[in-house]
Amino acid sequence: MSLIDLANPTRFLALTARALPWLAAATVILLAIGLYQAALAPDDYQQGATVKIMFVHVPNAWLAMFVWGVMSIASLGTLVWRHPLADVAAKAAAPIGAAFTFLALLTGSLWGRPMWGTYWEWDARLTSVLILFLMYLGLMALWRAVDDPSRAARAAAVLTLVGAINLPIIKFSVDWWNTLHQPASVMRMGGSALDKSFLIPLLVMAIAFTLLFVTLHLAAMRNEILRRRVRSLQMMQASRIAFSSEAGSRSENASNEVGAV
Amino acid sequence: MSGLKQGELQLHGRGLRCVRGGREVFARLDFAAASGEAVAVVGRNGSGKTSLLRLIAGLLVPAGGTIALEGGESELTLAEQCHYLGHRDALKPALSVQENLAFWADFLGGERLDAVESLATVGLDHAAYLPAGFLSAGQRRRLSLARLLTVRRPVWLLDEPTNALDVAGQEMFGGLMREHLTRGGLIIAATHAPLGIEARELRIGGVA
Amino acid sequence: MSLGPYASFIVTSYAAAAVVIAILIGWVVLDHRSLTARLREFDRSGVTRRSGRSAVDS
Amino acid sequence: MTALSALIRRDIKIALRVGGGALIGVLFFLTVVVLMPFAVGPDLALLSRLGPAILWLGALLASLLTLDRLFMADHEDGSLDLITMSRTPLELACAAKALAHWIAAGLPLIVATPVLGLLLNLDMVATGAVALTLLAGTPALTFTGMIGAALAVTLHRGGLLMAVLVLPLSIPVLIFGVAASQAVIVGPMTFGAPFSILCALSLVSLVIGPFAAAASLRHGLD
Amino acid sequence: MTALSALIRRDIKIALRVGGGALIGVLFFLTVVVLMPFAVGPDLALLSRLGPAILWLGALLASLLTLDRLFMADHEDGSLDLITMSRTPLELACAAKALAHWIAAGLPLIVATPVLGLLLNLDMVATGAVALTLLAGTPALTFTGMIGAALAVTLHRGGLLMAVLVLPLSIPVLIFGVAASQAVIVGPMTFGAPFSILCALSLVSLVIGPFAAAASLRHGLD
Amino acid sequence: MSGLKQGELQLHGRGLRCVRGGREVFARLDFAAASGEAVAVVGRNGSGKTSLLRLIAGLLVPAGGTIALEGGESELTLAEQCHYLGHRDALKPALSVQENLAFWADFLGGERLDAVESLATVGLDHAAYLPAGFLSAGQRRRLSLARLLTVRRPVWLLDEPTNALDVAGQEMFGGLMREHLTRGGLIIAATHAPLGIEARELRIGGVA
């Protein structure tokens, strides 16, 4: 199935229907493995058992950034090709990304209390993640506030691309300013500095969360397509009522169904 | 004053489709206009006259079809060769009549006529130093017309241009349009009232 | 498995993650149900799509 | 060039006439500065410590309060239609409008800073540092705020939604502006590092702002 | 009565649709609270000391940012003409508009206060106190701000001028609001005294605001 | 529907003087209109037609002279018995057509007609649930007309009411005005185009 086929919403729906069960199953299996390995992982000599928070914190933090990246690519699709499926992808990703960001913030704070003695500190990494969260919320508010989806999509796309500047800031904030937060130890130049007993469960969990995102995203996109279908059908119904009351004088201009259908 | 005569202009649209707010306004619309020609777009309220003008001006993106101007200056886009006179008159109440006009003349650029002269032509010379916020509806419309005169552009897109003009104003405006046509310009005007010049009719959306 | 003095923090993190993910899943599933229900409604009232297919078909 | 300078001159003229002149900007700034001690409590040491923050908040506020209508006013009276149809690239026109806004709303604040520094118990050096950071940073506020102003037109929405979209973008500017000023007043950091980041932010926003705003306006056409 | 409730319902509806819903108000408030620590510096003790002031500043901001267009929008589209010509006394209509504004812009903030208190390191009692003072005090902000909004129409001016007119009027509200909250948090004053002054201010503004606004609108007719 | 017939209405102004922005617009203007009568105010652009209507509606304060309505409901002021239809249409783009109309019906109060019915009369029933921001110029004008119908007021002050209406709309509106007159109302309309009904002419500021 080529990319063009994928871009067709109807094909897309058919594909999702087939793929979703498999994706969901894979997610569940990997999550189970990851959790099992995380439970078996040894305590850290410095952090004790609290290191277990890492296995939720880090994947969520990564995904918080990854999802914005996905949205940025979709936004390019919206602005450059004006493709409705790109709008759908961007819109469906926002709440999921916001949820992951929220979890990163929450688990980070919960980890910070034992490690740094405080839930919250205004340092660059934490703050830039909080800004990311605010921007997710802003985007969701924007989508909600505007009822014309294609108009909202274009505005949201501009904002998403502008917000993408935040991603490198989050990523490199620990290097640019020496802060409380851990510098990168998994993904950095010159190989990982993390012990295998932590690294493997962490990677498994990260893959599991990524799969979780893909599953949820596809399902949310499907919902979004259906929502647009409902919207255009509603509009057809409304204009149909209009025709009957206008005694068909507008038959030449019969309003067609538009949108993602 | 010579800039326009360099060749015959041909403006045409083919198979235009317009969608606004998710609803189709018109589809499969063709039109054509050439130098020296005026087209009066007519149709019921809500049939899409304003939308058509905005499509031509590049202020709306067509959902289908093409619009092209042949014979114009090749390095300029269609929109850059159009004057658009809409319901909203692009005047700043805080600036004087003269300042408003001078701004658009400077900003729109291109071949220009003397601003004072065009104010006199539309009968607003006595009000040149009044803030535009003090103008009556018809005086505002006249000031918008002065904009068409100070900056020369070959295609005029006029949305109900005679609105708010008094009888003398309508005559004056008829004269301006005729002059523009003889100079090789073309006019597309949406209107419900008679336009005051001879014009080919383009009907949108069935019989009114 | 002993979680040390900070067990409550660890448990809270995992629980919070579980709750948030459950909310996400619930949102997706319920949304899907209500949307397909509304599309069926349209189907019954005889509104069809431009393509002529019924509202619920993909 | 005539086109752009005409646009800048027009916008400044309107801002001065409708907004009530440059004096109003200063007066507003003054009010904010006078207001703060009431909000914070009359503790002079605390005040002079908060001085740069207060001045920066005043600048942020002044730009938020006026940016809202940057494109909306032109949209509502149809000017924006004609601006889009002109031979000037929309990006340049957006930049010109933002520049005019900065001259009318940002510059008076910077000029007034020395006077306000006195009120806030700041010494000469500190006042100078704040004025310098404002000079380097307020363009960033205007040029990122412009994106929100353009979105407001695209979305037919204004008010708080715009503020919510814009504020996160202006947070970094605020951080480094205040950090640079604080560095001069209390140390221990150097002034140079945050200040150069501030300048970098301004430069980046000078490029991104007009493009994002123009893209948003173009795609928001109706 | 129908007339007034219709006006209130309309204004709330528009505020929610155009402003993007009550959620936006809360989000805005959140952003302001997040913003403050950047300006002030990451000092938790100082933050919790400034907590009430920050929340009050957020409320002031939210009302300033939205009040600007309270009458201006109705003036520009001609609604104000019809409102003046209706059988409802203009004073009551003004009061109704202000009430709608408060419901759409003020109330969400008060509801959100508990969450924000958490971020600012305020304890339960302090948060409750701040919420209570906001409940008692924000009507005063709206009803005095309304006078500025009416003047903006009369003078054909907007933007900062309005803020300059309104801010001095809202200073007393801010002082006593913060004082009352501080009293609960650090003492030594009692909560009662500043709080009752705050309530008195609100009551006075409830009376004076509509009359002043209506008078200004009537004299500004043209 | 009876409210108006209770007596003959007599609206008259004597020795009116209007000053705007420090400049005198007209002086020593007299006019009169009675139940069942339509007055067409005509004159050059800027002669003061709109100003006169706003004086009557109480939206401007006369610099001299008096305006009085005799025979109306005594406990209401003149302004409260007038409908004013100006250039600015008092519509909120964010509200639907139906919500806009319902608001004005509720707010203006008094004797009322069914909102749905008046929407049908002006030909906007199919757009009832559309946001008013989606309407074309003529559709907006029609919605403003619906306001005159839902709330009954004896004096109609109309400023260029036929602007933007299509031919069918102008006919419809003519019918509405005639009905209003036969019901004992009175109309004062500023206009440059023919009004569509018989009307006495009131010329301001010399010959056009």
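In order of appearance the chains are A, B, C, D, E and F, and numbering begins at 1 in each one.
Following the convention adopted for this analysis, contacts are C-beta pairs under 8 Å (C-beta built on N, C-alpha and C of every residue); 3 or more make two chains touch, one makes a residue touch a chain.
For each chain, UniProt lists the protein as follows: A = Heme exporter protein C; B, F = Heme exporter protein A; C = Heme exporter protein D; D, E = Heme exporter protein B.
Bear in mind that the values here come from a model prediction, so they are computed numbers and not experimental data.
Undergrad: What is the graph distance from chain A (Heme exporter protein C) to chain D (Heme exporter protein B), where chains are linked when they touch?
TA: 1
Undergrad: Which is it for copies chain B (Heme exporter protein A) and chain F (Heme exporter protein A): same residues on both faces, with over half shared, or different residues?
TA: Since more than half of the residue numbers are used by both chains, the interface counts as same.
Undergrad: Using each chain's Cα centroid, which is most distant from the centroid of chain B (Heme exporter protein A)?
TA: C
Undergrad: Taking the mean of the C-alpha atoms as each chain's centre, how many Å separate chain E (Heme exporter protein B) from chain F (Heme exporter protein A)?
TA: That gives a centre separation of 37 Å.
Undergrad: What whole-number Å value describes the gap between the mean CA coordinates of chain C (Heme exporter protein D) and chain D (Heme exporter protein B)?
TA: 42
Undergrad: Cα centroid separation between chain B (Heme exporter protein A) and chain F (Heme exporter protein A), in whole Å?
TA: Taking the mean C-alpha position of each chain, the two centres sit 30 Å apart.
Undergrad: Counting only residues that touch at least 2 other chains, which ones in chain B (Heme exporter protein A) make the list?
TA: Only 20-21, 87, 94 qualify.
Undergrad: Could you list the positions in chain E (Heme exporter protein B) whose residues touch two or more of the other chains?
TA: 17-20, 24, 27, 31, 34, 38, 41, 76, 156
Undergrad: Would you mind writing out the residues of chain D (Heme exporter protein B) in touch with chain E (Heme exporter protein B) in their complex?
TA: Contacts found on chain D (Heme exporter protein B): 15, 18-20, 24-25, 27-28, 31-32, 34-35, 38-41, 46, 50, 53-54, 56-57, 61-62, 64-66, 68-69, 76, 105, 156-161, 163-164, 167-168, 171, 174-175, 178, 182.
Undergrad: Across the complex, what residues on chain B (Heme exporter protein A) touch chain F (Heme exporter protein A)?
TA: Within the complex, chain B (Heme exporter protein A) touches chain F (Heme exporter protein A) at residues 20-21, 43-46, 49-50, 87, 123, 127, 130-131, 134-139, 141-142, 159-160, 163-170, 192-193, 208.
Undergrad: How about chain E (Heme exporter protein B): which of its residues touch chain A (Heme exporter protein C) in the complex?
TA: Residues in contact with chain A (Heme exporter protein C): 17, 19-21, 23-24, 27, 30-31, 34, 37-38, 41-42, 44, 119.
Undergrad: Spell out the part of chain A (Heme exporter protein C) that touches chain E (Heme exporter protein B) in their complex, as residue ranges.
TA: Chain A (Heme exporter protein C) reaches chain E (Heme exporter protein B) through residues 118, 120-123, 127, 130-131, 134, 137-138, 141-142, 144-145.
Undergrad: List the residues on chain B (Heme exporter protein A) that touch chain D (Heme exporter protein B) in their complex, please.
TA: Residues of chain B (Heme exporter protein A) touching chain D (Heme exporter protein B): 20-21, 57-61, 76, 79-80, 82, 84, 86-92, 94-95, 99, 102-104, 106-110.
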